[in-house]
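After this come two complexes, each holding chain A, first together with chain B and then together with chain C.
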Partner chain A sequence: MATTAPSQPGPKPLSPPTTIQAASSTARTPQQPSQQHSGLRTPSNRKTIYDRNLNRTRTAELSRASFAYLFSEMVTYAQRRVTGIQDLERRLNEAGYPLGQRLLPLLLYRSSTPTHPHPRPTRILPLLQFIAHPLWRHLFARSADSIESSSTNPHEYMIVDNEPLVNQYISVPKEMSQLNCAAFVAGIVEGVAWAVGLQCAVSAHNAGEGDAMWPGKTVFLIRFDESVVKREAIK
Partner chain B sequence: MNMLLQELDNMVVYSLIIINKAGGLVFNRDFNPALNKISVNDLLVLAGTFHGVHAITKSLTPSSLGIPSKERTGIEVLESSQFRLTCFQTFTGTKFLLFTEPHQPNVDTIIHKVYELYADYVMKNPFYQLEMPIRCEAFERGLMSYIRAK
Partner chain C sequence: MSYYFCIVGTQDQPLFELEFGTSKQGGDGVARFSQEARQMNPFIVHSSLDFVDELQWTNSQMYLKRVDQFASSHVSTFLTPTSTRFMLLHLPHPPNTAPQSTPSPNSFPPFTPYTSTPASTTTAGRSSSSSTTSIPNNPTSPQTEEAIRAFFGEVFEIWMKAIMSPFASVEGKLGSPVFRQRVVAAGKKYL
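This part shows the complex of A and B:
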C-alpha cells in the first residue's frame, strides 16, 4: 500500500486538540454576522488559532464523549462512500495521515527547550519510541503497551495497544470482523513516520480474539520500505 | 416463570428489555439461566403491549393533581409477589424495563447505569442504526460485567 500525502488545500490547524477547540469556540457564537470567509473562521475576539501560543493547549484535554461522537460520525461518513472494508480502512488512514505529519513538529517543539532542541528521530528504534511514548501520551494520555519487532521479517515492527481509545465504544458487526477503526491511528503513525523520512505502511489489526482480558487488543503493523531498512544497516 | 423465581434470590436482576420510541423491541437479555425462555414473538408482543399500556397510563394521570402534561409519566413500577418491573423512559422515548426481585434495592441506580452503558456503547457506535435492534458486543460485555458484579 503506497500512501502519498493527501494534498491539503487552504490553511489547516496544527494539531487535533486545537482543531476541535477552534471548531467549538466558533460554533458557540453562531449569531456572529457571517463574514463569508472561504476557509478559516474567525472567532468573535478576532484571534484565530494561529495567534495562540503553541504551548497553550499543552495540558488541555478533550471530552472523551465528544471525541467518541465525532469519531463515530467520521466512520459513518467514510462508510457511506466506500465499497469494502479495505476501502474504509484506507479512508480512515488518510484522515489520520495529515494529523501525524503535523503532530511530529508540534511534539518536537513542545519537548524542546531553547538550549536543548529535541532531535528528530531519524532511525527506526528512536522513531518507534517516539510513537509509543510522546505521541501516544499526547493523543491518549498513556503510553502504548508494547513495541515488538517481527522475528521473521526485518521490515516489520509492531506497536501494541491493549485498548485503543478510538475503539472504546465501537462494536464492529460480525460481517465486518476484519475491520479495525484504529486504522485512523495507523494513519497518524504513518504520517509521523513519513514526516521524519522513514517510508512505511501502517495498518491496524485485531488481536483480541479470545483474549478475555483485552478483547479490543490492536496491533499496529509498521512495514518499512526496503530503502529504509537498507539505510538503517549502513549507518 | 413465576415458579422458578423463588429459587433464584441469589441473582436478583432477572432481565432487561429495551423498547424503542415506536414500541418495537430492540434489546432483551436474561441474566439468569434458570428463567423460562420466552419466544421472540411473545417478547415482541410484550414490548408492544407495554408500550401501549404506558401511553394509556400516561394520559390517565388525574388532572386534579396539577402536574403539567409534559411531566406526566406512564407506569414507572409494576410489582407482583414474584417480581418487580421498573420502567425508565429517556427524553427521546426509549424505554428500559428491568425485571428484578421485588425487594431489590437501588433499582434506580442500576437502571441509570444501564442507560449510561447504552449511551456509551450503543449511541457512540458508528455501526448502530437508530431504532434498530441492538447488536453491540461492547454493550453486552459492559452489561454482563456490571450485572454480574452486583
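This part shows the complex of A and C:
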C-alpha cells in the first residue's frame, strides 16, 4: 500500500484549479491559530464545514418551487449536451449518483444512537426497504408506493412511485415519450446500492400508460449483478 | 500504546494517515513505533483488509472491533456504510520498555513477542500505568474496545462532514488540515 503524504500543502489562494477545493474543504479554525498554512483561506465567520451540525431538523426543507426550478434547469443543461434520450438519462443518472453515496451514511448516522448504531444494509431486501422508506421519506417526505420483485428474473426488483416529485413539473414532448426524468432518482438509488457494495443498474420507466388513477406512475427497475445474487444465495 | 490510523477507500487506496500515541494515563500522545514498525504498519493494515472484506457481508455493524493481529500489533476496523474503512493499528508497549526518550532502532523490536524483549527495566516511574486492564496496555480488554468505538464514532462524524461537501469526492484524499486537527483531537480525547 502506498503511503499518502501526511499533510498536503494548502492550496495556493489564487490558482484557478484549486479554488473550489479551497473554499470547500480547507480552512483554519479559530481555536488553533498556531496551525498557519499560508495558502489557506478562511470564511469570514471563521466557521468551516467541520463546525456544522449533521442533524438538521425537519424544518430545514427546501421549497418545492425552488427545487422544481433547479431541476428543470438541470434537465435543460443536460439536454443541450446530449445526442439522444438514453444519453440524457445517463447524464441525469450520473448527477444523482453522488447524492446517493452521501445520503446513505448521513441517514444511517441520523437514525443511530451512540449505543445502538443503525446496521448497514448488507442484503438486497434491507437495502430496498431502506431505499423505499427512510431514503424516500427524506427526499420526498413520503414512502415509495411499493417494492416488487420480478417474477421472471431473480436479478430484478422494482420500486414503484405513483407520482414522482421530480416529474411533477416536467412535460415531456410527444417525440420524447421514452424519456423519464426520474432517471435522476434512479441515479440516487444506484449510488446507495453501489455504496453498500450491491452492484446494480437502475433505470426509471414510465408505467402510467392507461392508468387512469396514476398517469405519471414510474417504475424504478433495479437489476442486480450476477455476483450479488450469487452471494445472496450463499447465506 | 502507539496508534497508526488509516482511512482506506473502496479501491483499497489510502486516503488519510495519522500516527499518534496514547494520551490517557499520563501518555504524551507521541507514537513510539520503531523505524521498522513504521514501515511495516501500512502492510499490516493492508493485509487485514482481506478480513474486513469477509466480515463486511456477515456483520452488519459498522464497528467490526478487532479484526486482525500481527505479532503484537492489533488492528481494529470501522466500516462506514459506503465501504470506506477506518483502520486503527494499535501496538501496546511492553510493560517495562515503554516510553523511552530516544528509542533506538534495536531497543524496541515490535515484531518479537514480549518474552524476548530485552530486559531493559531502566525506565522508572512507569508503575502507575501498568494495570492490566488499562487502555494503554491491554489491546483486547473491553475498555479498549469501547474507547476505540468512541474514537471511531467521532471520526465517522468528522469524515461525514468532509464528504458532505459537494466538491469533495468520497474516494478523494482527505488533505484538509482542519480534518487532521479534528482527528488528532478525537485521538487525544478517547485513546
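Here is the rule we use: the second predicted complex is superposed on the first by the 184 of 235 C-alpha atoms of A that agree within 3 Å, B and C clash if a C-alpha of one lies under 4 Å from a C-alpha of the other, contacts with A are read in each partner's own complex, and residues count from 1 in each chain.
In this text, contacts are C-beta pairs under 8 Å (C-beta built on N, C-alpha and C of every residue); 3 or more make two chains touch, one makes a residue touch a chain.
Model, not experiment: these values are computed from the prediction.
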Which of chain B and chain C A:Leu88 touches, first, second, both or neither: neither
Which of chain B and chain C A:Leu221 touches, first, second, both or neither: neither
Partner chain in contact with A:Tyr50 - chain B first, chain C second, else both or neither: second
Touching partner for A:Val75 - first (chain B), second (chain C), both, neither: first
Which partner, chain B or chain C, touches more chain A residues: C
Which superposed partner A:Leu106 touches (first chain B, second chain C, both, neither): second
Contacts of A:Leu135 with chain B and chain C, given as first, second, both or neither: neither
Contacts of A:Cys200 with chain B and chain C, given as first, second, both or neither: neither
Partner chain(s) touched by A:Ala182 [first = chain B, second = chain C, both, neither]: neither
Contacts on chain A seen with chain B and repeated with chain C across the two complexes: none
In the complex, chain C residues that touch chain A: 12-18, 42-43, 45-46, 56-58, 60-63, 79-83, 153, 156-158, 160-170, 173, 175-182
Chain C-facing residues of chain A, complex: 1-8, 10, 20-21, 23-29, 32, 35, 37, 40, 48-50, 52, 54, 98, 101-102, 104-106, 108-109, 114, 117, 119-122, 195-197, 231, 235
Contact set on chain B toward chain A in their complex: 120-121, 124-128, 135-139, 141
Interfacial residue positions of chain A with respect to chain B in the complex: 65, 68-69, 71-76, 79, 168-173, 176, 181, 215-216
